[in-house]
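I'd like to ask you about the structure that follows.
Labels run A, B and C following the written order; every chain starts at residue 1.
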Amino acid sequence: MLGGTLEGDPDVLIHGPSKIEEGLPGTISFLANPKYEPYVYTTRASALLVSRDFKPTAPVAATLIRVDQVYEAIGALLNRYGQEAGTGAGVSDLAMVSPEASIDPQASVGPFAVIEAGAVVKAGAVIGASVYLGAKAAVGRNTRLHPGVRIYKDCRIGDDCIIHANAVIGSDGFGFSKDEAGKYQKIAQIGNVIVEDEVEIGANTVIDRAVMGSTIIRRGCKLDNLIQIAHNVEIGANSVIAAQAGIAGSTKLGPGCVVGGQVGIIGHLQVPAGTQIQAQSGVTNPGRNENGQLYGSPAMEYGKYLRSYAAFKNLPDTVKRLKELEKEIKALKDSLES
Amino acid sequence: MLGGTLEGDPDVLIHGPSKIEEGLPGTISFLANPKYEPYVYTTRASALLVSRDFKPTAPVAATLIRVDQVYEAIGALLNRYGQEAGTGAGVSDLAMVSPEASIDPQASVGPFAVIEAGAVVKAGAVIGASVYLGAKAAVGRNTRLHPGVRIYKDCRIGDDCIIHANAVIGSDGFGFSKDEAGKYQKIAQIGNVIVEDEVEIGANTVIDRAVMGSTIIRRGCKLDNLIQIAHNVEIGANSVIAAQAGIAGSTKLGPGCVVGGQVGIIGHLQVPAGTQIQAQSGVTNPGRNENGQLYGSPAMEYGKYLRSYAAFKNLPDTVKRLKELEKEIKALKDSLES
Amino acid sequence: MLGGTLEGDPDVLIHGPSKIEEGLPGTISFLANPKYEPYVYTTRASALLVSRDFKPTAPVAATLIRVDQVYEAIGALLNRYGQEAGTGAGVSDLAMVSPEASIDPQASVGPFAVIEAGAVVKAGAVIGASVYLGAKAAVGRNTRLHPGVRIYKDCRIGDDCIIHANAVIGSDGFGFSKDEAGKYQKIAQIGNVIVEDEVEIGANTVIDRAVMGSTIIRRGCKLDNLIQIAHNVEIGANSVIAAQAGIAGSTKLGPGCVVGGQVGIIGHLQVPAGTQIQAQSGVTNPGRNENGQLYGSPAMEYGKYLRSYAAFKNLPDTVKRLKELEKEIKALKDSLES
């Protein structure tokens, strides 16, 4: 299943996975981060996934399974182990499903879910307890909405997505115009949100609907918890966004971006493909080069920020040196004048 | 309806709005941001809202409607277009409403909503699916609570408000006293939250109840998603707060403030009216002048921060120049001494 | 009850607490923060809690009650006053409880709550409206889950905890491995979350389940709203975390830590016991000393950051002084050469 090479007892029985430092007999663990290597020689786990080129420096009791990519292999293993027992298709008696909604017989709908007229739920989808699906919202094949997810009307979720508890998709974008009296008048937000296939969205994350058109999360994106995606944003395919990041209105990220935790990105930007943004940065100008690395608030090139910040740490000392020089020059001038 | 002047075919038929760069025949679009002007000459939209003083530099196919304030006009238009079909008054058979709650016959209550004893819901209010209204909570006329909103007991929401999905109003403030053993003892939070009229509150935003008295969001405020408002805070009328900002306990904002995304404001401050705070700033001392502009963490005057940050970017170079000077002075002194 | 000494009218009747600046006859207020002292002489509150060593500088109308710890005393008082009327044990007819779940007869379960097979709810626990308890989840004695809380399967909440509305416990950790095509493959998250006794968790906070093993919140911790706790994090006993902070995967905090609002802590760190982290800091290296104080992004020692930041504020002036020196030296050299 993993395409690995076995070294040691081939008959060892495994009933579950474990962490290498806590491994018990009958479990399989792994070595991916070299700093955990000492545990290879002490773990009680019965089997270990290691990379093909790992060279033990002491005897190893466990059976080794050598693979090309340790993280991929452990991922495959955990997925196999962690697969949910089928929840069983069908609509709970305790759900409220509009007679004008279309629920595939192979989908399941949990208790106290509300599904409005015109909504569509495809085969294999799992609509959790207390989920809300607005009018004409759509949920694709094998997509799972955990309890309390709210999908506003007209929004579309693709196939094979996972949306965690209490996430909100399609709330109104933050759009107001200030009138002469200083009062804010709401600008109706009549667009929607489109989430493409194979997207995962974390708990309590919010994605606002577009003022017109669509806010779009492209195929394969992974969004962590408590993220804010504003109206008309577009996130390029296979981008990853860590928790509590926020992206302001109409900004477009190219594919393959990596956004750190608590990052902020202002509105109306084009972020090039493959841009990596360090945690807590504030991006106002992402440049035009792909695969750039950004850091700071406002963000600049990653290495440049590190150098400036290193100098910032020594700044009081630098100011002292400047003061010293001023004195020396004054002394020098005085001595020359006298 | 918009008070505009028409230029071009007055008989053009419009069935909906569009973005200028994606405009299709039969739609109306607008030009507000000058950088979109090129699209005026290429859009296929049938009509365009432009400002009274817009001067085309090439032929325009679309019918032009000239107005005083483009954003206001488009707002009015979108509101007209986006108006919800009436959801119909009445209490869902699937809601749990206490016999001691008072629900106006012109209000609507969605499925799986829970309304506790003593709660009051006024005419025209829309209580969404799975909303929770605690004991003696009140919801004003024409206010809409989207699915999953939680209003704790005793909290009061005014007229014409919108609260988005999964927002929480009235959770306990974060108050503890540390005993001699280093354990934290809870201080009961017995106040409430008052949200005045015409306030909009974003999805997953949290507003804590006061320890005593009230946390207050004044008339006309607009709060984005995922915001934290701590106990006993007061937000002045017509203030705007962007997503993921947080305001610590007992701080009072004057009217007309503008708070950027991911801003933090420490507790027990008085923020003057009209203060504008740049995104990601951390405010510890807002000064005493109205209409100030703040930036940085800790925040200082906006322009001052920009100048310091510009110098920060060049800091490694500045340090190199200092080192160079030190060498030159040493050489100078050596040559004078020899 | 408070162990205080009374000064003034011992027969005064009190029907509730008040803030000192708004105190009305018949209420009790307190003086803890010296900046509120002027109100001692003007408040209309009938009684005042003050510290044993408080010396009035003017006549006081209210009855004084002198106590050792004002905050502790007011806490005890408010708790006594704020105690909920018992909600009454029993399972709502409108809840969906699996016949394979175990609910203590002394527990209460609100309407539209969902409790899955194998879940356990102990005596005195209060499960609010629309709460979700996954399979085999456990809730301890006298713990209260406010409306809309979601506990994923296998997670365990201790005794005497409070979890506020719409918090999510046990959502999947953010773990993916990137394949050769640049696509992210999900790593199943098969661990759980353990919340020990006497923990309070704020509204809309998210705590992810471990990839393997447990994410752990130790006894007595207090977490504010909108916090992100990633997979395999461990928070030491009696730690306090302010709103919107985020802690990345596998980081362990020692006991008694104090984490400010909007702080970020990167993954795989060991934060020593008693560490205090200033709001908005970004911690990448917490050092090894207990009771350290950190500030900045990346964070350094607290006082060091303040000194560097003070120098940062004057940086444009410092650069000007450097430029001045460069000129002077050039002039000096020119005059010596001529």
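FYI, contacts are C-beta pairs under 8 Å (C-beta built on N, C-alpha and C of every residue); 3 or more make two chains touch, one makes a residue touch a chain.
What you see is a predicted model; the values in this text were computed from it and never measured.
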{"item": "Classification of the chain A:chain B interface as same or different, half of numbers criterion", "value": "different"}
{"item": "Rotation angle (°) superposing Cα atoms of chain A on chain C, nearest 5", "value": "120"}
{"item": "Euclidean distance of C-alpha centroids - chain A vs chain B, Å", "value": "24"}
{"item": "Sites on chain A at which at least two other chains make contact", "value": "112, 130, 148, 166, 204, 226, 244, 262, 297, 312, 314-315, 318, 322, 325, 329, 332, 336"}
{"item": "In the complex with chain C, residue positions of chain B that touch it", "value": "96, 112, 114, 130, 132, 148, 150, 152, 166, 168, 171-172, 174-177, 179, 182-190, 204, 206, 208, 211-213, 226, 228, 230, 244, 246, 248, 262, 264, 266, 282, 297-298, 300, 304, 307-308, 310-312, 314-315, 318, 321-322, 325, 328-329, 332, 335-336"}
{"item": "Chain C contact footprint on chain A (complex, rising order)", "value": "17-19, 22, 69, 71-72, 74-76, 78-79, 81-83, 92, 94, 110-112, 128-130, 146-148, 162, 164-166, 198, 200, 202-204, 220, 222, 224-226, 238, 240, 242-244, 256, 261-262, 279-280, 297, 309, 312-316, 318-319, 322, 325-326, 329, 332-333, 336"}
